[in-house]
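Can you keep this structure in mind? I'll have questions shortly.
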Amino acid sequence: MSSDFGKILKTTIFGQSHGKAVGVVMDGLPAGLSIDREALYAFMARRAPGRNPWSTARRETDRPVFLSGLREGLTTGDPLCAIIENQDTRSGDYDLLADTPRPGHADYAAQIKWKGQADLRGGGHFSGRLTAPLCVAGGIARQILARYGIEVGAHLASVGEIEDEAFPLNPNPDLFRAVAAKTFPVLDDAAGDRMKALIELVAREGDSIGGTVECVAIGLPAGIGSPMFGGIENRLAQALFGIPAVKGVEFGSGFAGSARRGSRNNDPFVLEAGEIRTSSNHAGGILGGISSGMPIVLRVALKPTPSIAQPQQSVSLSRQEPVELSITGRHDPCVALRAVPVVEAVTAIVLLDLLLEEGVPLLTAESAVTP
Amino acid sequence: MSSDFGKILKTTIFGQSHGKAVGVVMDGLPAGLSIDREALYAFMARRAPGRNPWSTARRETDRPVFLSGLREGLTTGDPLCAIIENQDTRSGDYDLLADTPRPGHADYAAQIKWKGQADLRGGGHFSGRLTAPLCVAGGIARQILARYGIEVGAHLASVGEIEDEAFPLNPNPDLFRAVAAKTFPVLDDAAGDRMKALIELVAREGDSIGGTVECVAIGLPAGIGSPMFGGIENRLAQALFGIPAVKGVEFGSGFAGSARRGSRNNDPFVLEAGEIRTSSNHAGGILGGISSGMPIVLRVALKPTPSIAQPQQSVSLSRQEPVELSITGRHDPCVALRAVPVVEAVTAIVLLDLLLEEGVPLLTAESAVTP
Amino acid sequence: MSSDFGKILKTTIFGQSHGKAVGVVMDGLPAGLSIDREALYAFMARRAPGRNPWSTARRETDRPVFLSGLREGLTTGDPLCAIIENQDTRSGDYDLLADTPRPGHADYAAQIKWKGQADLRGGGHFSGRLTAPLCVAGGIARQILARYGIEVGAHLASVGEIEDEAFPLNPNPDLFRAVAAKTFPVLDDAAGDRMKALIELVAREGDSIGGTVECVAIGLPAGIGSPMFGGIENRLAQALFGIPAVKGVEFGSGFAGSARRGSRNNDPFVLEAGEIRTSSNHAGGILGGISSGMPIVLRVALKPTPSIAQPQQSVSLSRQEPVELSITGRHDPCVALRAVPVVEAVTAIVLLDLLLEEGVPLLTAESAVTP
Amino acid sequence: MSSDFGKILKTTIFGQSHGKAVGVVMDGLPAGLSIDREALYAFMARRAPGRNPWSTARRETDRPVFLSGLREGLTTGDPLCAIIENQDTRSGDYDLLADTPRPGHADYAAQIKWKGQADLRGGGHFSGRLTAPLCVAGGIARQILARYGIEVGAHLASVGEIEDEAFPLNPNPDLFRAVAAKTFPVLDDAAGDRMKALIELVAREGDSIGGTVECVAIGLPAGIGSPMFGGIENRLAQALFGIPAVKGVEFGSGFAGSARRGSRNNDPFVLEAGEIRTSSNHAGGILGGISSGMPIVLRVALKPTPSIAQPQQSVSLSRQEPVELSITGRHDPCVALRAVPVVEAVTAIVLLDLLLEEGVPLLTAESAVTP
């Protein structure tokens, strides 16, 4: 098991979907930084279940309780622990499934690993529920990043084969705020309407659909990161694959770039207002694992929700015979939708860790951007 | 900087392209395992430069010298250090470029990070040259994996928009050996011929081309790995992004799966000869970060070689003015080609580390597969 | 900050003395192990404050609440989080001290590190209060160690210059239980009575006194550990210095051995009932960082409680002038007394981590010792 | 196995006593720092064998070869690898001992751990020979520390029961240089003469003797380090126990302080020339794991050399019967003597890692102290 990540800032996630609480410990935060709780709650609300017709009906207050590391709204420099109680658990939904692994779920792999002792209720420690404490940590990281002049934004880049437009080359932070304020976080609302219709369609058919999320960070200075195994891509990818259902991560032109010629994929260096920039950003702001000063651009692929109502083929572990399985319970038909703020959260945490490792100083209160 | 990866088996890479030597330290290998040097040399030869018309003319013997950790062909359990001397270095090729960052290279980012002190000769520590010691480590890991009954194979899955066929659902290890024995490692030789023609074409035009590599590991038992941040995907991705030019990593159906419905992307569980398998493998053998017992399947996207002969736009750092840049020197027109064994190497090292962490026992000599 | 330790089993401590709660996350526990809560409470009671005349009057229930990782008394394999609410906090006691660092305390160093933002109430994250969650973790580790046939015991080896006798060469686990059952955990009760008298004396004089704790682990098989930096001594020492007030750690004959000749300090190998043992144990069961199969023996030195009622010399940070300081509040006159189970706890956690790293299998239920 | 330590600066040691070479990789050094090779050689000469009558007759040039990370005398920011070839190996000396573990050595523990495959020639990876690359790393760290205004000194504090005087409260760096220049590194030469006589005596008697080393670092600013498990003491202890034969580590008044009262052991804060200092330093410059601005003071206990010529009792592993063992070969009668610079080396490496973690900026060239 390894439910933590980070080098200077270590973030540890604990909890199971249907246990008493889920939570997070962040060890390595600087001291004396104010955390705006309302802004944090607003960020968390973006992933909360039950807020629109396209996500699970499970309802939770999701108010984090801070057990340590905060005093009168300021970080103390000690490990910060926040917990969220699980209020709306229905273990019964899952009792019949113990013997029959759900296709696309970790049930079978976990049963083997833990020799039949895994807590699979609601996905246990594998559950999307664990992204709630991840968003507590990410919401805090976002607020601190703002004091370095760094902002992170994301949108639902595709659902099925329907694609949103991409972020522009040098996005304005207002654009991040605008898309974050939408119930359905896309840039092109017409594409968004088609995505919604598709999600509703697959839901009606007892099915689910995959999607991708694009995330961009602006303001990261050049020179952050490392070649080889501790670079920005390595550390972001290691953490992003911790989000349930993520099966692919790419930076800049990514897989599309691997079909191109160098003369088209290289980003020419240019001078812009006395600063060295590139006139395209196929590198996604990362060269040799190190930031180039251009926006960090990444995309993650999320598989379709494995829990579907349609009958599926499985096997009874005890009887060693085929069984047909129908999954009831509450499930998002498209996990990519609620993953949008989670991708932002993880990206923010990793970038903050990198900044702390490099010893980059905070901006003064006057020059800092607003959270 | 962080040029190491791994938890129980720590692999550290050192060296610069045009320094005295490159090398690797593997700390955490079990003791008493025989290493077949000829098999190791054969594996390393697969990435060596200058062995075919589609790769750089730089020639090197690439014979690793073992400084520690081996005694009479057996691992001692101590840190194993192997070095490869750099014999054919031509620093002069790079002297004129110090002031003018090459598009697509880490030059600019590294100059900022190291405040002008980076060793950029031949790419320095960013160079593909560093994949030679990675292949020493990977070649050793492959031999040890064989004693767990695990084999790793890879092929060039695409060059530009030309695609090879994919590995079958349950590949036979003979197929791995057959593709490894080819000068041009593809499954479909007709596709390979078109790839070669494309590489030759872009090379003649002073350009380069990207590609992808598919890698599969068979024999990994179910139950290896972890949910969240220490799972198979997290650790493989963290390491694979350490291979120069990698910009994307996906597992199983990956990005393609994110365009699909759950009813099509889920892998039904079936009984095959008394074993629980899945009848498809869109999960790439990994569910919740844990192995399912099916083959591990991953693909990496490699960008086109950034060093191209065509003139490119850059900026003089000292004069702060635009300059046109033409890169001479020896360069692979398609780095994906020589990356095939490197992807295998990194995959093998990470899987070995995971097995050691889980305490999986070695097979007895009789039951072990041949390396 | 780094409030965690361990490699396979990562233990993270959070909380401040006068915050909402203190707690621990243990990530890496095996699944399916039963935890006996009553035995755990009994272990924790050994360090609890207010249970005898020689320790602080602060009273706390110290009942851990398990938020995750346990289900129906069994470990689930997920991160286990336990918290203990802080019930009896009196921040007021510390308000006057903010400007005047207490001699022997971390106040000054922490104020510099956190630029005036440290939470110093009651010692904040430096407090002995943090040893409560450490004992939750240690109590759990002890129960699991018992299933490997390993038991850990400790006693108060000295207070001031009064020494208890040492554990015998091959202690019986009953001896551990007998000393653990005592209110004053010494082997020689006559020495214990002299220690109590000394503690009472220094307390009356508004002073405090240092002490040492000896800890022994029996049942650890030979061959566990590593040379150089990951050995038993390295890892135990790294963790033991995390207990507040610890200023020295030694193994086997330790500092005394450094005054001896080799002919006297070496432990001769002998055969005992067909097993290879040593006829003395000056090595403390550790040779080259690896267990020899003999008991692990260590001693830690704890400084006298820095909080004393006698007037002391300090400096006002704001006025930059000398001030005389008298510390009121509740304090143990001899922290070594309550440190006895804490040393056991830390030792147990580290040894469990080492066993998990080596992949040592659990004993079967029948052969396991009782917790 | 874990032959590395450090967080931002990772130092990995490899090699066996009688293998081809020993070496070190330092990953995380800043770029652009000049390394004075002559000063490094001079530092290494302090631990080299065969330079005085009180140490082993084994002779080695011990000139490190830098394979990477240095270019024209400047660090490049890439991993620095230095190797030292083993020139004077005599494996034959050890062949007869394979079956008969030497008392006080790791032979038996290592044979169990590595199931008979350990390379025990000359102590293998356990050998004091491994302290040569550690001194390369430490010599480099010392030179860089000097650019932070930090200097490290050490002396032989005791041999058997003969004690040197201690460093003064605020030692002058000239004192460090003076003691480092001596063949026999003590402060009180009269005590040194008695130590030499004792070493000669035990050597004549085929015996050995233990000793202690005191090490002090001056110039470390207040506020470096952490409470709990990542503090200065934790990290120094973890690394110092990696030096062969170290069995105890204490800071400040250490074990002696545990026999004292708080009123005597606490260090009063005072103002000295406008700076906050303490009028004694029983804390060894560390409070709550964090530096107080006073000198860091530590002592390590080294056991007597286990290799002695006197006959000792052991057991034949193959025949399972007692045997009498006499060890021939070349051995230091008092390993503490040559450990003096090694303790400095390890201390310097750990302090440098802590400074890099905190992001402390280098002094400008003008203000820096000389290496």
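The first chain written gets the first letter, and so on, giving A, B, C and D; residue counts start at 1 in each chain.
Keep in mind that, in the parts below, a residue touches a chain if its C-beta (ideal position, glycine included) is under 8 Å from a C-beta of that chain, and two chains touch if they have at least 3 such contacts.
Nothing here was measured: the structure is a model prediction, and the numbers come from that model.
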Count the C-beta pairs in contact for B-C and for A-C, then report the pair with the higher count.
A-C
Most widely separated chain from subunit B, with each centre as the mean of CA atoms:
C
Whole-angstrom distance, CA centroid of subunit B to CA centroid of subunit C, is 45
With chain centres taken as the means of their Cα atoms, state the distance from subunit A to subunit C in Å.
38
Indicate the residues of subunit A shared as contacts by at least two other chains.
1-4, 7, 13, 113, 125, 227
Spell out the part of subunit D that touches subunit A in their complex, as residue ranges.
7-8, 78, 357-359
Subunit D residues touching subunit B in their complex are 1-4, 10, 12-16, 19-23, 25, 27-29, 31-32, 65-69, 71, 74-81, 83, 113-119, 124-125
Can you tell me which positions in subunit A touch subunit B when the two form their complex?
1-5, 7, 13, 101, 103-110, 112-113, 125-126, 130, 158, 160-161, 202, 207-212, 221-231, 233-235, 237-239, 241-242, 244, 246-255, 257-271, 274, 276, 278-279, 282-284, 286-293, 301-308, 310, 312-315, 317, 320-322, 336
